[in-house]
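After the structure tokens below, expect a handful of questions from me.
Labels A, B, C and D are assigned to the chains in the order they are written; within every chain, residues are numbered from 1.
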Amino acid sequence: MTVTVRLFASYAESLGRSELSLDLGASATVADVVNAIAAMPGASRLPPAPLVAVNCSYAVTTTNLSDGDEIAFIPPVAGG
Amino acid sequence: MTVTVRLFASYAESLGRSELSLDLGASATVADVVNAIAAMPGASRLPPAPLVAVNCSYAVTTTNLSDGDEIAFIPPVAGG
Amino acid sequence: MMRASIVSEPIDVASLTREAASDSCGATAVFLGTVRSTNDGREVNGIEYSAYEEMAEKEMRAILGEASAKFVIRGGVIEHRVGVLKVGEISIAVVVAHPHRHYAMDALRYIVDQTKARATIWKLEHYADGTREWVNAGSGAPR
Amino acid sequence: MMRASIVSEPIDVASLTREAASDSCGATAVFLGTVRSTNDGREVNGIEYSAYEEMAEKEMRAILGEASAKFVIRGGVIEHRVGVLKVGEISIAVVVAHPHRHYAMDALRYIVDQTKARATIWKLEHYADGTREWVNAGSGAPR
């Protein structure tokens, strides 16, 4: 399956990009995406267990993914 | 002394006027003004002890008056 | 900037907001009171507001002073309109500016509640059936 | 009328107020967040806001739904701006309309607090000394 990963704010700055595609095996979970991102240059500035949303809903590491899902890494929010 | 009396809202409607002058003896108090107004036609629709302000400050019946004072009869307020 | 006024022209909210604001204030809280189409189940065409203007402005200025002491607001403006207002028109606008949002909103509530309870302003409701009635909302008693 | 939007153009408060209002609502409460000239003692030139727009709008719509259930608001609009904002510019506007003023102000506080805590929006402060810093105001944690 192919999923889209979105990065925001300080996370996007740390990794030098705001969006990428990942090819994952069948029955992939959020943990697989977190591990893939953690292996990228600059990822050491992300927390070890970042908040993640799948298709705009907060998810946990065991959440199963489907082809076409959008996985977003959510830094601490600061709107207003 | 001469004082100005001001009437508002339902009080002005009851007495058919919103402002009048009263000539009072020396050492007059608020009570004298209240009594003078109570004797006017339509005053029966005012409460027996209306709130009164002298020169924009709430006063009591024993408050002494001076020439030129403005005595206002204040109905229950309802701004907003 | 602090100001309290009785006005007879339509209230310009954007202008009041600019007046209360300052660069040190990140929060502006605004309350607008408008004429409702119904009150106590009766259909309303409009409200005729009148005021003892000098005393109302004095009382509203005192309320701004109290809010300033309690909540350390940096800017506060109250405008209350008098005359005949149609449904939907703004009768009262209160604007408060503060560096922090909770103080701004606390001060807003204080000013609105106190103004309604204490300002020497009256309203005569005009109903759709042609009748009119003085509204007794407050006690009129001094604090 | 209920609406929650991320916008990139300047926020038009008067238009939002008209949008939230209705003839049955006598009270409109408004909160405006603006860029402050100082934060934590540092001089600020501006703030760059960014958002995960789809999720922020979803969360803000959920907050309006919660406020509607809790306070029975008749109208509610949230706009949050993104991009580089100068000192004094409006970053967030919340407008609530209700028949009664206390509910309007309670709902306003709820919506403002929840939006700041939960909407997926970030700010990069630009300081007068040329440096920039990501502001960590919220926990980012789901409820």
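Just so we're on the same page, contacts are C-beta pairs under 8 Å (C-beta built on N, C-alpha and C of every residue); 3 or more make two chains touch, one makes a residue touch a chain.
No experiment lies behind these values; they were computed from the predicted model shown.
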| item | value |
| --- | --- |
| Chain whose Cα centroid lies at the greatest distance from that of chain C | A |
| CA centroid of chain B to CA centroid of chain C, Å | 26 |
| Averaged-CA centre spacing for the pair chain D and chain C, given as whole angstrom | 23 |
| For chain A paired with chain C, centre-to-centre distance based on mean C-alpha positions, whole Å | 49 |
| Set of chain D residues in contact with two or more other chains | 33, 101, 112 |
| Junction residues of chain B - those touching two or more other chains | 80 |
| Pairs of chains found to touch, sorted by chain label | A-D, B-C, C-D |
| Residues on chain A engaged by chain D in the complex (per definition of touch) | 6, 8-10, 13, 51, 53, 56, 58, 72, 74-80 |
| Residues of chain D defined as touching chain C within the complex | 13-14, 17, 21, 23-38, 87-88, 99, 101-102, 104-105, 108-109, 112 |
| Touch list for chain C against partner chain B, complex | 33, 49-52, 54-56, 58, 80, 91-92, 112, 115-124, 134-142 |
